[in-house]
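Next up, some structures in structure tokens.
The following pair of complexes shares a single chain, subunit A, combined with subunit B in the former and subunit C in the latter.
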Partner chain A sequence: MSIVTVQLGQCGNQIGREVFNTICSDARGAHGLCSKKENESYHDTCKERFFFEEESEVPVARAVLVDMEPKVIGQTLSMAARSGCWKYDGHSHFCQKQGSGNNWANGYSVHGPRHKEAIMNLVQKEAEKCDRLSGFFTIMSMAGGTGSGLGAFVTQCLRDAFPTSFILNHVIWPYGTGEVIVQNYNSVLTLSHLYQSSDALLVHENDVIHKICAQLMNIKQISFRDVNQVIAHQLGSVFQPTYAGEGGLLYSRNPLGDLMETLVPHPEFKMLGLRNIPQMPENSLAYSTFTWPGLIKHLRQMLIANAKMEEGIDWQVRPPRLGSSIPSGCSTNKPLHFNTSIANLVILRGKDVHSVDLGSFWDPSLYTSWLNPQDAFHAWKTPRAFNKYEKSASLVSNSQFLLKPLDNVVGKAWNMFASKAYIHQYTKYGIEEEDFLDSFTALEQVISSYTIL
Partner chain B sequence: MLPPRAGGGREAAAGAMRRRQERRDRALSAAVGALCRALPPPARPAPDTLRRARFDRPQATLDCWRLLYALLKQIHGSKWTESDAIDNQIRFVKLALWYHGYDRPELYQLPSDGSAGSRELLLAFSWLLHRHSLLEQLLARNRVKTGDETSVCTCEDDLPSSQKGTAEIALEYGPEDRVDVRYLQWLNGRLKFQWRSLHAQHQEQCKLLHKLLQLLESETMQLEAFLEWKQLEPVYWQWMETVLDNMAEEGKKCESRDAHVEKSRLPKATLCCPWADSLTGQIDRLSRDLMTFRDQLHKLVTRRKAAWCEKVKIREEELQKEGFSTAAKKIQESAELKLLDLTCLCAPTKNKMHGLCRLVFRSKHPASKTGFSSSVSKEPVSAVSATEVIRDLQMREASLERELKQLQEECRQRLDEIAEGLDGVICISP
Partner chain C sequence: MAQSVVVQVGQCGNQVGCRFWDLALREHAAVNKKGIYDEALSSFFRNIDTRSGGDGPDIYKGKICSLKARALLIDMEEGVVNEILQGPLRDVFDSKQLITDVSGSGNNWAVGHKVYGCQYRDDIVEKLRKNAEHCDCLQCFFIIHSMGGGTGSGLGTFVLNLLEDEFPEVYRFVTSVYPSGEDDVITSPYNSVLAMKELNEHADCVLPIENESLFDIVNKIHQMINSGKLGSTVKQNSLVTSSAGSAKSVQEKPFDAMNNIVANLLLNLTSSARFEGSLNMDLNEISMNLVPFPRLHYLVSSLTPLYTLADVNVPSRRLDQMFSDAFSRDHQLIQADPKHSLYLACALLVRGNVQVSDLRRNIERLKPSLHFVSWNQEGWKTGLCSVPPVGHSHSLLALANNTCVKPTFIELKDRFMKLYKKKAHLHHYLHVDGMEQSCFSEAMSSLSDLIEEYNELDATKGGPRTDPSRLKIAV
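Take a look at the complex of A and B:
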């Protein structure tokens, strides 16, 4: 039940390091608020999941670092080693001397095939160190050059080499007003390729995290480090050990498999959004208390109204009434702005978690017509508090969360494509117009599937 | 009366023949009648139809086609309507017969307006009857449902004789009674993912088994070496004896020489173990302390005994004034409890097993117990059942709880005493 993380590009490597940091400090921390035995069990499970333990040494993260430049990888390795509580394997990285200049096609068609063997060797070595491989977790940005093009290629190679493993791609959605002109092209190509090889795409939007930093965490000068730490906290709240289902005696040993089975068994619906509450600056934690009913209510409304964080939720949005003779497949009768879900997973961590009432999430009107709540909704719990939050709740949702952003990106990319702007940058390295058209078609299909829920 | 001879014999023979014929006819009509009655009502022909068909009468052809149509439709379990046009019926019958393996070309060449061929059809009907146990099938199919049957089979073949509609999966039915294909895709995906998880688990099992085998292998090698050693041990000790002999000889030789060396050996010894001195000193101190403690205990015990005897005397006098029985009962109860604790602690724990025990699931079979009593084993396999362990633990838990309560009481009393001593201090218990 070990997860091998593949950190791709600058974005992937920086986020990956924060994720391991968060996980390690949470596992070692004394803020568990639970019995010693529980804490030990949590610690052991977390260790096996993410780290490889050698005899008398610091735990080694189960990760492969890939980048075209040596700078970021060097920083990542040294910062991890300096922490003193964990480190990366000194051999488990791949980098070249020069970058790929933010060119997706270069990453996908040139660097990918050229370095495939070296990268896959590293992955194979990590996989063999695991007693049981739960799957792969890749981190990359969608719109960059190396991370996206090479990342899409590496995901394909992973699928070819490990056809029976679970692959979860964590993708960073770029800022709407990003600096890279061709970011929408890159996004479209990345998404369409990932959709074929990966089992699920877990998305974090830069704009959203930025707002969380500004409004909830009260950070004045938001750096990438702040953004990455918020992302790491949210990811940690999903991947740290939990009990799946009622009355479990042991922590789940199949985190990725359980996640996939509950959320993305349908091959057309792979886009997952993530919400986590509460989020606040660390020094305010001691002065705040939360109740489970309040958290659950907020989380549910965030789901329904497609809110990105716990402030500014539109409480007017309500689920449609069932019982009216709405034929299946017709979405025009649903109230506007209502976010229909296919499947939801709620993860609760902290004090008194056994007493939580999740009845409001079993409401069939939240879900699409062809899935009933028994199939569509699951909850994982653990009494062990996470990352110093006395109570925290996360929602991983396969719903229309990403429909609008996806539509936007595809729309903008199509407009550029219509005038053939910058296409030569791609055709130069072997990505033809046909490939673009295929990608557009694939994503239009995804958009349409999500729209008619 | 004897039958007449010659000419009269031929008549008699003819008569006998006629009588046999009549009997045969009667038997035949009974058979055909029974056959027709045994067929299910919608497909029940008139016995006459079959008789006419035997002589290939064209009037019987249509009836025969309809008969075959009805029967074949029933076998295939689908609803049939009489309103089907005759050429459709004929086409269906031909197809069905072909499917069942009837390969007489004459039937397939019959005209599709039902004008001729009743004898062919009779032949086909009889073939069906025999070859495919028509009657048995139809009777089984059309049994009256008494509502007390259920099926436990989970196979999915759609045999013609099995009933459709016993879907095991709780499918989602929309208003048109159809399943949404997206739900089926969902279920299919879940199945695939579960298979993958199973695959990963299997691989893990193999890996761990391999590790276990490696460890076992090295242990086996060690054990084998140990056995070998056991065989050859005497040789080694013989050899060691020669070593000792050598050392003793050398010692005798050196005794005279190394008189002062011996003395110097002692300081060497202390050099080797410099802590020996302090150790002996500590031991002396400990033994002295123990002696003093023993004397003190002795004195304490005698003093306590005397005080106790005093108390008993006073209590006896008091009790003689008050009611004796209730006090005695209370005292008896508390004494019993204390005794129970003591006996638990001091009882020879027959099944006290330290270390790890292997978990074995054994069913409670009374017969096995009788086997044990007759067998004599030198080293009985020490086993303890889970219920015994649970009972022991529960008793221990109860006694510990009592002890805890007692200690809490004592603490409370001491705190009260202390609190009384302090002025202006109020103690609030948690």
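Take a look at the complex of A and C:
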């Protein structure tokens, strides 16, 4: 089954290109470390998922590019074409002359309705090119105007037009110290709206990825390109083909559906975090060896201690003791910084993957009391190595990972809202104070739900 | 891509405007090697086929034929505009896009605003419409004028009013040159305060500039070059004050160096809208992020570096110095010290070989020494444009919405009151049809209200921070 990617705004388009690049070069790469047959199967599944094969040309990404101003799309299209390995469909993009001005209201209330038909036509075309449509993957940032506002509107349209397809929103959390001054307003409005139409929100935080670039990848002068490449690697590690469950003979056909089924048991809980290890500069790979027990141990502790990357993990954090007479729903006995999960998905790629012992992830104390590990934990595997890493482990987690960042953003936005600063810029386009209050309420509800896990 | 139209009014406006067009051509020539008319050029220039006498349709693609500035030149005297039209830039301007008269406004805001405004209203509207028609998507009007005289101040603000009526959706950025204390125009306080009321009410963003600051910067550069301290030769065309490499001949007029600074300001402001980068900052984003309340739209600007040495290699120490300089008092384009006042918002537009990590490192470094208003502690807007200005490998434009503009306004108010109390020269204004004493008192209270708004914000500075309590959700 195929996934149609919708790239929204500057961020969405810049990341989207890196994702397709990573996926394509991984699929074509000779680093698979597996049998030829395995490799071919991987390659074909990946192709079907993300690319449309044309007769004698390079594969065409199944994507729709949307932006309100032309510079970024122009760059994205030409850089993809220059790669020589893949390209975008020359018609599958929509842009205007003037951007959204970092104004969520402008993106949502003005550009959205105005361009709905044109954008949905492009999406329809891409959907029709798929033999079977698994669903939509949208990439956007929360901080700006187009990705966030128009993105929220488009997600709603996708939900209306394709009620039975899955929608996964990839959302970029901006740097804490401002890329955009009104980013907290834009974020609050985006998240509250996405929560209504989307199936799940997969989040990447710029601050976290930046740290990974600095401390793990040893990059001196970090550019957005570097950040985007790390993000693309992490996304690739989730979306490339895997076998679901033991003894699978075929690569799983419905990546988005499977993802939703394993990770989103309850519509109140849609925030997904992603961790991927190991992460290091390419030229160090040849000198490093990894063991599965080591990787699994680190990944588990990263989950429990809410570590953002493999360095600086707090090993003091331990899961609480279960089996005492504590009524369900009462979480006062849990250590404050212990990260409780609703559901976890571990994805393993590479050598000797079948020998991995994942017992530590079945520990019931990791999970909230109203789910048992049989339902809450899943593992996908493939012996085919990913992106030059001999062994690679990813964790997609529906847990309290994003509780603190969410609380921070809502807090700052509320602080600004109390002074009414910048509100006139939004009311100008039809987003009133009541709309803000609705959004705040919705998010406080989400925060509350995650807090009492 | 969106287009912008420049409306230059009065002597100052036209002289600065002229420098702007000259340096814009120089910048595009440096970037656009193939001579193809591209989106970046189209933001400020039309491409026409001269054979059809300039009335034919614009050429949107392909090679550059003849570039015409998207500009309207207005002056009630002929001298300055005539000089422009006879100078090296004569072909850049559309001969129909001018409005001139002979007698000038006599340094009288009322004459500029009421008399000439009335007289030329239809002509101005028609020419603006013509300009707008040539634009695919008109995003912004840039008005360049001075506050102290009669035409720039009076007619300039009349045009501002007109733009709001006729083109309400298009942004209005005003670059205003404020008179200094020793201004030789006695009535400049009247003119400035009357103009301020218009700016308060009708502009989206104002970039105030003070001649004193420009003068200080020019002097500083001269001293640096002449003292031989630099140890290495300065790249001539990198000087923020220089016209080197542009169409203008070597013999520079006294105000040229100062006007070049303002021209560079406008170029840097629009660079991210014209050229590509990893984090674009369009003009509508500037207004969105830097104007938290409609009337507080005065942005203090600073440009760094002022020059680049001829060494090609610039270690990151220099890069960090560039950021530090942007916040220092002597790089600001008005007499203000933002570091010791309260920031409502701050924007950093970086050009050239600078990456997001450099930006973040410097923000982290400088943040502790700056005071931000309680509800905007992380109030930074950033932009990264890949194309550096001519002669530099990188540059930074900082725009601050900061209470440090207050002293400028207070001084203006004081100078105004000095004259007004004695009713000095008032009769020149009241003679004019449509001018009444109430115009003065209204302008005065508009300015006072503005100062009061800044005062209220200043009062919150350094006080205890009590965050408002959050919404409580029933569990």
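As a working rule, the second predicted complex is superposed on the first by the 453 of 453 C-alpha atoms of A that agree within 3 Å, B and C clash if a C-alpha of one lies under 4 Å from a C-alpha of the other, contacts with A are read in each partner's own complex, and residues count from 1 in each chain.
As a convention for this text, contacts are C-beta pairs under 8 Å (C-beta built on N, C-alpha and C of every residue); 3 or more make two chains touch, one makes a residue touch a chain.
The structure displayed is predicted, hence computed values, not measured ones.
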item	value
Combined model on subunit A: subunit C and subunit B, fit or clash	fit
Which of subunit B and subunit C A:P265 touches, first, second, both or neither	first
Partner chain in contact with A:T291 - subunit B first, subunit C second, else both or neither	neither
Which superposed partner A:Q196 touches (first subunit B, second subunit C, both, neither)	neither
Comparison of subunit B and subunit C by subunit A residues contacted	C
Contacts of A:Y175 with subunit B and subunit C, given as first, second, both or neither	second
Touching partner for A:S35 - first (subunit B), second (subunit C), both, neither	neither
First (subunit B), second (subunit C), both or neither touched by A:N121	neither
Partner chain in contact with A:Q425 - subunit B first, subunit C second, else both or neither	second
Partner chain(s) touched by A:E69 [first = subunit B, second = subunit C, both, neither]	second
Three-chain overlay, closest Cα atoms of subunit B and subunit C, distance in Å	14
Residue ranges of subunit C touching subunit A (in the complex, touch as defined)	1-2, 39, 136-137, 139, 276, 278-280, 282, 284-285, 287-294, 316, 344-345, 355-358, 360, 363-364, 367, 374-382, 384, 467-468, 470-473, 475
In the complex, subunit A residues that touch subunit B	131-134, 164-166, 199, 254, 257, 260-261, 264-268, 327-328, 369-372, 375
Residue ranges of subunit A in contact with subunit C within the complex	10, 14, 69-72, 75, 96-103, 145, 175-182, 210, 213-214, 219-225, 227, 410-412, 414-416, 418-422, 424-425, 440-441, 444-445, 447-448, 452
List of subunit B residues in touch with subunit A within their complex	172, 174-175, 180, 182-183, 185-190, 192-194, 196-197, 199-201, 203-204, 207-208
